[in-house]
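What follows is a group of structures, each given as structure tokens.
Presented sequentially are two complexes of chain A, the first with chain B as partner and the second with chain C.
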Partner chain A sequence: MSIAMAERAKLEALRARFGAAIRRADLPGNGRMFVTVDPAAIREICRHVFREMGARYVISIGADDRPFSGEFLVAHNFAFDGDGVLCGLLAHLPGDRPALDSISDVVPAANWAEREFRDLVGIEPMGHRYPKRLVLPDGWPEGVHPLRKDVSWDDVPKDFDEDLEFKFDEAPDGCVVVPFGPFHPTLDEPAHFRLYVEGEMVRGCEYRGFMAHRGIEKLAESVLSYNDIPMMAERICGICGCVHSVAYVQAVEDAAGVRVPERAEYIRTIMLEMERLHSHLLWVGLACHIVGFDTLFMQSFRIREPIMWMAERMTGNRKTYALCLVGGVRWDIAPETGAALRGVLDTLEKEWRGVVDAVTGDRNIQARTRGVGVAGPDLVKDVGLVGPVARASGVAIDCRRDHPYAAYGRVAFEVITERGGDVWSRIVVRMKEVFESIGIIRQCLDKMSPGPIQARVDDELPVGRMGLSSVEAPRGEAHHFLVTGEGNRPRRWRVRAPTYQNLQGVPAMIRDQQLADMTIALGSIDPCFSCTDRMETVDVRSGLRRTWTQEDLVRLLKKGGA
Partner chain B sequence: MSLLSKVKEALVCLRAGRVTLPYPAAPRPVAGNFRGRPIFDAAKCIGCGGCAANCPAREILIHDVCQEIRVLRYVGRRCTYCGRCADVCPEKAITMSTDFETATDAIGDIGQTIELFMSTCQRCGRCFKEPSPLERLKQKGYRFDDLAHDRWVFGSRAYLDTERAVDDIRIEMD
Partner chain C sequence: MSVDWPRDILGCALNVGTVLLAAPLFEGVLRKVTARIQSRQGPPLRQPYYDLLKLLGKEDIESGELPAMQRFASRLSLAAVLAVACMVPMGFGASMGGAADAILLGYLLVLCGICTLLGGLAAGSTYSLVGISREMMTMISLEPLLAIALMIGAIHARTFSLDAIFVGSVYGTGGPPASGVIMFGVMLLSFQAFVGRVPFDIAEAETEIMEGPLVEYSGPKLALFKYARMVKLVAYSGIFVGLFVPWGSSLGFPWAPIIFWAKVLALVLAVTLVAATHARYRIDQAVRYFAGMLGVSLVAVVLASLGM
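Our next item is the complex of A and B:
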């Protein structure tokens, strides 16, 4: 069944079930569906799409559309992975009363996303089972919603109490609270877990994160312009930066109908796979480091290094490639660079095979990772887990195959799955995916032909169009939603990083596990807090009991500097 | 089985040998197209402001002192070395150097300030030919970035004014 037919069939099924509640539908025919529905029916429609039609929950977006239509906008995005369709269910809410039914009881994965638009846009998810603040710190005044259009990007409310400590929930009876983070040897970035521990066993936890907000989405909507944002999107994540850069430009291209030259698509694919290679090698090393197996940590990093040098030769930088612009890429791959890349891949493949061969028989590392941090297929579905975490549980989802973008439709590769659902399975999946990535890059080098790498953009981009883009990051699906806007910049841009969903699965993964396994269970989703926290303009350090106050630290820093 | 894998792991390490480079005792050359600190060539710059308008980090400031003198300052604090300034420069006055050892405790070491004599073009005043509509100048005319505080001012004016333009965000955007 073609994608266009699949879209039509989905729409007919929705119309037959909900009739007049389906107000409008746009099917551009490229695997995207935008269905405007009656807000009163949103909960039932989402339940039907999620449970009966088997869609995967992706993300919910709230947007302030009042300057343009006088309304607020909510989009619940779902993916039909088997049919290659990404679907946005849109609800328009009156500008004076932005509220709609929460879907988090029927779609548990929407928990964070709904709390986020409640915090940032001020849209109330009515009936949410845990309507605690997610993104905004507790000291932020009520009623100030930073992503509303009438709030300037550099506003800080006068009554914002930066030093107010977090209000935490009560620990259950019989449990002791063990704080984990914001600073912890195995966390590269700040996040705070309050673990409820009974004896040695973790019984539950409360998560407070979003301590590294940088306000990237607000900047994009109010200060930057279309071709500035790829460089900024790249800084959402230090590991999968190119993923966000590609996902953003694809969302713009999807919305504005810009066609990308074929060679540019191949180059994007090659660089995305380069990024996956270095990320998988890095993560396998880090996972070994967390369980105390530093030998493999060192060897992974040694084997990874030539990839970084190669990336520098191809793009001018080992990590932040600054590769994408709307409509193409900036750096071409010269024939001799391609040849050198093949050499690097050959060495990598040989060396990595030696490591995989050695590690798969190692009982020590298996004893430490088997049966730890287990996520079953039901949890994958309910919480919307993505990437290697889902594939290690036997759920074969991979955007590269399910929603082909760039040149992935023209190369052959296998989606690696395992059945265990535990940390060991995740290690195995990521170790094996390295070989698939090597294969994809080789095929791209074989298939790409000379040609332009940048499409001509002769007109200003149309206004008010929506675009969706899913890119398979090393950790899972990165999803970008974009509405084009006036003034050479988007009206709304929403980034859903893979960790955003995977982190929501951590409380279930660590429940009834040993406290000592917390580090590797959390490490196994390869958490990227800078991705997840990409949003706000506030820097919050108030969750800490400290001897040093923030002012002290700042003063100390300034004294050391110029 | 497990013992065998330990032997294999030991072999992986032994075969690799010593790989640590003697950097910084010995220099480490970078690839030819490496993007390090940008260098501005005052002799080539025409002061069109294309780099400033397309700098994602907003680290290139422009201040018009009078009709004839425009100051262009590259601050370099948040610069991500993306090289967009060099891309869009119509005169190729910006080179991405191979200089990556930019750690300093005095930020002025990295910055560059250029004073430009602007001979006014009778046709359009300041010339910038954008590669596509996505790069068009969002701030036309005279600009008054805050050089005292190294701060970008979101505004430009069609006329020179003796009044301070800082904090004036009721701007004439096109």
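Our next item is the complex of A and C:
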């Protein structure tokens, strides 16, 4: 069945079931569906799409559309992975009463996303089962929603109490609280888990994150222009920056119908796979470090280093490739660089084989990782887990195959799956994916033909169009949603990093596990907090119960220095 | 068994001095070899001396719940392990002129562990509490192994005097040396745990509980704990050599000390190699492992009592 036919069939099914509640549908025929529905029916429609039609939940977006239409907008995005269709279910809400039914009881994966648009756009998810603040700190005043269009990007409300401590939930009876974070040697980024521990067993946890907010989405919507944003999107993450850069430009190209030259698509594919290579090598190293196996950690990093040098030779930088513009890429790969890249890949393949043999032959590592941090297929579905975490549970989803972008439709590769659903399976999946990435880069180098690398974009981009883009990051699907706007910049740009969904699965993965397994279980989703925390304009410094305020620390520093 | 005070005090001072001087060097060897296994350059051999000097010269910050107890625990931990070093023959025969016996040694070794517990308890952070609960579980299941090894030596030698035990008495006199060989194996397989290195550095586990009992320590107090840990590696190696491979120690100067330190170096290299090729066990896995060892060593006790 062609993609266009699949879209039509889905729409017919929805019309047959919900009739007039389906108000409008937009099927561009490229694997995207935008269906405007009656807000009163949104919960039932989402339940039907998620449970009966078997869609995977991607993300929910809230947008302030009042300056243009006088309304608020909510989009619940789903993916039909088998049919290659990404679907946005849209609801328009009146400008004076932005509220709609929460879907988090029928689609548990929407828990965070709904709390986020409640915090940032001020759209109330009615009946949410845990309506606690997610992104905004507790000291932020009620009724100020930073992503609304009438709030400037540099606004700080006068009654913002920066030092107010978080209000935490009560720990269950018989449990002590072990604070894990905000700073911990294995986290490397601020995030706070309050673990409820009984003896050595973890019985539950509460998560507070979003501590390093940089206001990236707000800046894109109010300060930057279309071609500035790829450079900033790249800085969302220190590891998978290229993913966000590509995902953003693809969302713009999708919305505006820009066609990208073939050679540019190959170059994007090569750099995305380079990024996967160094990310997976880094991750396997870190996983070994977490369980105390430092020798493999060091060896992984040694093997990884030539990839970084190669990236520097190709792009001028070890990381942050400054690759994409809307409609193409900024630089080309010279023939001699391609030959050098092949050489690096050959060495990597040989050396990585050695690491894989060492890890799979080590009973000690397996003793620490088998049966640890288990996520079954049900949890994958309910929480919307993606990437190696999903594939390690036998759920074969991979955007590169399911929603082909760049040159992935023209290369052959295998989607690696395992059955165990535990940390060990995730290690195996990532180790094997390295070989697939090497294969993909080689195919791209073979198939690339000379040609232009940048499409001419002469006209202004059309206004008010929507674009979706899913890119398979090393950690799973990175999804970008974009509405084009006036003044050479988007009206709304929503980034959903893979960790955003995967983190929501962590409490279930660590429940009734040993405290010692907490770090490796958390590490196994390869959490990327900078991706997840991408979007606010405030800075939170509280979080520990015995808190040093910022003023205290500054005073202490001055005293010590004098 | 006469006590010759000047000679014995001199012997003890010599042991303590040698161990204090040599322990950081062995730590340096361990780090250097680890680095080479990991394809790294590694720090210079003298780095542990610099580290200790640096820490000793830092401001003494009182950051725990019971500062007095913390000071006490850090000093006692080094003192206890140095007292152990006094009793272990280091190529000169055991000093203390036979006054030292196996029971005292056993208590002193437990005291080393108790200092860690005290230190962690006094620091009072959540992580150090998790750390000391792990340390306690390790101690309870691990220390009996060494006690049994000493006991088997004592059974064969028919005395608790260390002088009589640290000459390879575990292998008995005449008859098949079954119990001694079994304990040799048991101690070899659990040696890593006695010196607190990977895969048994569970109580400190930097990536899980941020060094556990030591999380609140810095400066001079941390230096003492670290020094104690380095000395522990040498002292336990000395005990191991005395119990199981004492041969060559009666050759006199200079061969006896040379042979002794060569054996210690071999043990340190073995520890390094194991630490560099293993992942850390979880506490429940470690305790199961020690329980298995304990079962085997109980068989050895029975054999020893039968004269084997």
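General observations
The criterion applied here is as follows: the second predicted complex is superposed on the first by the 546 of 562 C-alpha atoms of A that agree within 3 Å, B and C clash if a C-alpha of one lies under 4 Å from a C-alpha of the other, contacts with A are read in each partner's own complex, and residues count from 1 in each chain.
We adopt the following convention: a residue touches a chain if its C-beta (ideal position, glycine included) is under 8 Å from a C-beta of that chain, and two chains touch if they have at least 3 such contacts.
Keep in mind it's a predicted model, so treat the numbers as computed, not measured.
Contacts of A:Asn364 after superposition on the shared chain: both chain B and chain C are touched.
By the touch criterion stated above, A:Arg330 is placed in contact with chain B alone, chain C being left untouched. In the superposed model, A:Gly174 lies in contact with neither chain B nor chain C. Partner contacting the larger number of chain A residues, of chain B and chain C: B.
By the touch criterion defined above, A:Thr295 reaches both chain B and chain C.
After overlaying the two complexes on the shared chain, residue contacts for A:Glu312 are found with chain B alone; chain C is out of touch. Of the two partner chains placed around the shared chain by superposition, chain C is the only one that A:Glu200 touches, whereas chain B remains out of contact.
Overlaid on A, the two complexes show chain B and chain C touching the same residues of chain A, namely 295, 298-299, 302, 362, 364. Chain contact summary for the complex, chain C toward chain A: residues 34, 37-40, 126-127, 130, 133, 198-199, 201-202, 205-210, 276-285. Touching chain B in their complex are the following residues of chain A: 223-229, 231-232, 235, 295-296, 298-299, 302, 305, 309, 312-313, 315-317, 320, 322, 325-327, 330-331, 351, 354-355, 357-364, 456-461, 487-488, 560-562.
Looking at the complex, you find that chain A touches chain C at residues 176-179, 184-186, 197, 199-200, 288-295, 297-299, 302, 362, 364-365, 367-368, 514-519. Taken together, the chain B residues at the contact with chain A in this complex read 1-2, 4-6, 8-9, 11-13, 16, 19, 30-35, 54-58, 80-84, 87, 96, 105-107, 132-136, 138, 154, 173.
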